[in-house]
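Structures given as structure tokens follow.
Two complexes follow with chain A in common, the first pairing it with chain B and the second with chain C.
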Partner chain A sequence: MTGFPIEPVGSDLSVIRVEGRLNMVTAPHLRDTVAAAVKAGQSRLVLDLRETSFMDSSGLGALIGSLKATREAGGDLRIAGAGEQVLMVLQLSNMDRILKPYPNPETAFAD
Partner chain B sequence: MPTEYRSALLSPPDTVDSAHDFLVDVLDQRPDVTAAERMTIETIVSELITNVIQHNPDRTVRCDLLLRVEPDLFTIETTDTGQVALAESECAEMPGETAEHGRGLALINLLAAVEYVRVSDRNRWVLSVPRQREGGRERG
Partner chain C sequence: MTTVEQIRQTSATHEARRLIWLRVWIVITLALALNYIGWRWAASINWSAWWIAVPLVLAETYSLIDLTLFSITIWRSRQRSSGPPPVPDATVDVFITTYNEPVELVLNTASAAVRIRYPHQTWILDDGDRPALREGAARLGVGYLTRGEHWHGKPRHAKAGNLNNALLNTSGEYILVLDADMVPEPEILDQTLGYFADDKVALVQTPQHFNNVPASDPLGSQAPLFYGPIQEGKDGWGAAFFCGSNAVLRREALMDLGISGYVESTLRNVRARLKEARSLVLKALRKNKAAAPQSALHATREAIDQALSDLGSGEPVAEVTYRLNNRLRELSAGVVGDDLSQLSADLDALGFDQAAFNLDSAEVIARLSESDVSPLNAIEAVTRTLQAADVGRSEEAQAVLPMATISVTEDMATAMRLHARGWKSVYHNQNLAEGLAPEGLPAALTQRLRWAQGTVQVLLRENPLLQRGLNWPQRLMYFATMWSYLSGFATVVYLAAPVLFLTAHVLPVNSYAGPFFWRFIPFMIANQLLFIFASRRLPTWRGQQYTLALFPVWITACWTAAANVWFGRPLSFAVTPKEKTHTEATPWTLIGWQLFAGAALVVSIIVGAIWLIFGNAEPIGTLINLAWVTFDLISLSVLIGAVKYRGYQAAEEE
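Moving on, here comes the complex of A and B:
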């Protein structure tokens, strides 16, 4: 696998579906997927984490890098559908303040 | 049920997924391990093995992994042939919010009691996680 599936939603928003483990093996794939999206002009992104079975600090680093990449391009990145283990890592690292978890992709940019 | 489960990794070609797959196989055989305990163990092991691999990018490293499951305690031990690891006390603090690296050992320290020693030419980590109790009663 070299990237995660990305699906445009409307004219300026895309959803990236992060499946499986997000660790040092797959974190570079997420970074690459986000970088390609931003390069293509898609800088408002939702990471759909409903199928993410596990995330460690390498995965968290990729989330932070992706957030920075979108914001530097004038957009934003939000996360949705995180499971208990992902939420645990976000909370332990206090990154849930920066990466606020939304219940599902549909509401992540509702505000 | 067994008390101890062992695996050995050689990286490369093994990755952190090899250790994670081993854990999944073990924990699938342990219905007494709660979902919360499982999350903790998987996170600790992933961070530990990642740390070993990342700190030895230009060499093959062997890492022996032991998970001990006791009624009151989980113990995770790794012994690796990598270069000298940083003492846990040097990495116990979470980095700044925008940092993209450096949270692994800080996370481990939040989840377990950590001992690190350099024995001969090996790094040895011993992590202890007290088990949760239900209704104040021991399990197992």
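Moving on, here comes the complex of A and C:
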């Protein structure tokens, strides 16, 4: 199986549950999932990171790649529920200044 | 020439002459044996009853190989006269090993050890960690050692572990090892230390004799054949065994074993784990077709291959693993760099200002490449590769394990490794310590089972026939002992064949008449006489009976040891109880198989006799089988006395 589970919440908003490790092996799966969603017209996406146990530089690359894909389609990407290790990698690369880590998926698109 | 020397010389000449005659008899016996077994294979197998005929001829072949190995052993039976004078000014540690023996018994041995004449330091090695024993040791002024904190959660390795722990906490050049019940004579060191004048001697073993055994020896505790001609024969071939107690060892030799063992095990460990990692990387490559990790995986595989080939060409493990770790960190940094430059491109496209994020800073790349967040962690294999760099033997409490821990009979395994490393051993046949044998069949059976299990473990883990460093006679000496523990299977056939013949007329051989008779009988007589000549009138019959009667024990030992070595199942290791256990009930259930076999034998005698008198049974065949069954029954009968035996009472003897 490749790809992460995706669930529509409303007409143009979907939540992708990123379970387990987001690393060199699984990062392409995330890119695939996001690309497929964008193609299907869902360009406002929330990455639910509550069950992401680990992220490395490839995972980080996939986050930004996904952001790029949604923006180009006129949508946006938000991240929510990141754990300690994921936050550490985000802070280390200053990426938390680009992608704001929201506490949970419900609040990610509250604006 | 003094009288003592004259006597010694006469006895030496006498001994030399005896050995010549013994060899002549060995040749005769083996010739007769070959004549018999050759005919058995070539012309006597009754193929119409192949299901018993083939097992029988195999069992007989097994016994013939056993006889040949025994003959080779005693061929060079070497009786050493009293040992050379002890080396002067040696430092000696006396180790008394104990686990659960009564405190009084251990202290009795310890105070005898204190009285050993040659200067030494006595230690009690208490694996039971008992305060009463600690106090007792302090009262006697002897050392007291237990396992330290670092043994917590690590394999304890029973007696071998106890000795290894003590070896690293003491410093004497020589070590006398005594079981808790083995009370030494004051001259034990004076008689044995002299052999160490030869720098290559690592071990001097003396007999194990028990003083709580009546002359009839109902449990077969004394082993006169083993501690006589067999050990002397092994000594003659340069392979006297270490038997766990009543032996003096050279510390340098044990440390040599410990260190070479450490190096070998580390090499083996690192190599095995690198290979494992390599195959996991290959699997990940096959499964994962995504472009990104492929090149990194290929590079990882190449790095592992390089490490393996470096190890193969003899480079130090630490160097190789260090280099591998560096290479993997480089690869990791490469992946991180690629990820980050892709990320920068994406940010560019999104219109963010690069300068704010300093993504190409070496610091960020380095931090993201460290082992805890390295992208290479994505493949479990790579993590393992990093762990393969373990050169500290972290799974063991001690990195250096002088006593072998591959078997519950650590003594045999240790001696074999000593011999393989070129060390020599000596068998000094003089009783210099008296111990206590198990006083009841349950304990005796547990002890025999443990010896057999340990021996089979060594055979399966370190087959002596394949050990480089051992010469061929040494290999055969170890193999002979292991081979003899496989007898249980042959015994089953020896019990079944005559019963089948007498009750159901199943004939495993073409005929029991003339041709059989004239080949078998001379061989059998020569064989029995050989044992009598070899044993120098020592009582060996008890031992022969037990070899047959304990067939279920030997079979159990074989399969439990195999399950342990091949499938990691526990042996249900038991320590032999040295206390008297006065249970009133007779433990018949312990010998259920033998009682069943005995009943079948008795029935077959009755049926066979009836056929002989009233039917038209072949008389010679029937008589041979009746004699055979009677021999089996007499052998098994030893267990009747054993099962009823309630321990030694000295008064009975007088």
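Basically, the second predicted complex is superposed on the first by the 111 of 111 C-alpha atoms of A that agree within 3 Å, B and C clash if a C-alpha of one lies under 4 Å from a C-alpha of the other, contacts with A are read in each partner's own complex, and residues count from 1 in each chain.
Definition applied: contacts are C-beta pairs under 8 Å (C-beta built on N, C-alpha and C of every residue); 3 or more make two chains touch, one makes a residue touch a chain.
Because the structure is predicted, anything quoted here is derived from the model rather than measured.
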Of the partners chain B and chain C, which touch A:95 in the superposed model: first, second, both, neither? both
Which holds for A:40: it touches chain B only (first), chain C only (second), both, or neither? neither
Is A:28 contacted by the first partner chain B, the second partner chain C, both or neither? second
Which superposed partner A:71 touches (first chain B, second chain C, both, neither): second
Taking the superposition on A as described, I'd like to know which of chain B and chain C A:84 touches: first, second, both or neither. first
Touching chain B and also chain C: which chain A residues? 21, 23-25, 54, 56-58, 60-61, 64-65, 68, 85, 89, 92-95, 97-98
Complex contact set, residues of chain C against chain A: 284, 288, 290-293, 296, 335-336, 339-340, 342-343, 346-347, 349-350, 352, 356-359, 364, 367-368, 373-379
What residues of chain A sit close enough to touch chain B in their complex? 21, 23-25, 54, 56-58, 60-62, 64-65, 68, 84-85, 88-89, 92-95, 97-98
Residues of chain A that touch chain C when the two form their complex: 21, 23-28, 54, 56-58, 60-61, 64-65, 67-68, 71-72, 85, 89, 92-95, 97-98
Please output the residues of chain B touching chain A within their complex, sorted ascending. 15-17, 20, 35-36, 39, 42-43, 46-47, 50, 53-54, 94, 97-101, 103-104, 106-107, 110-111
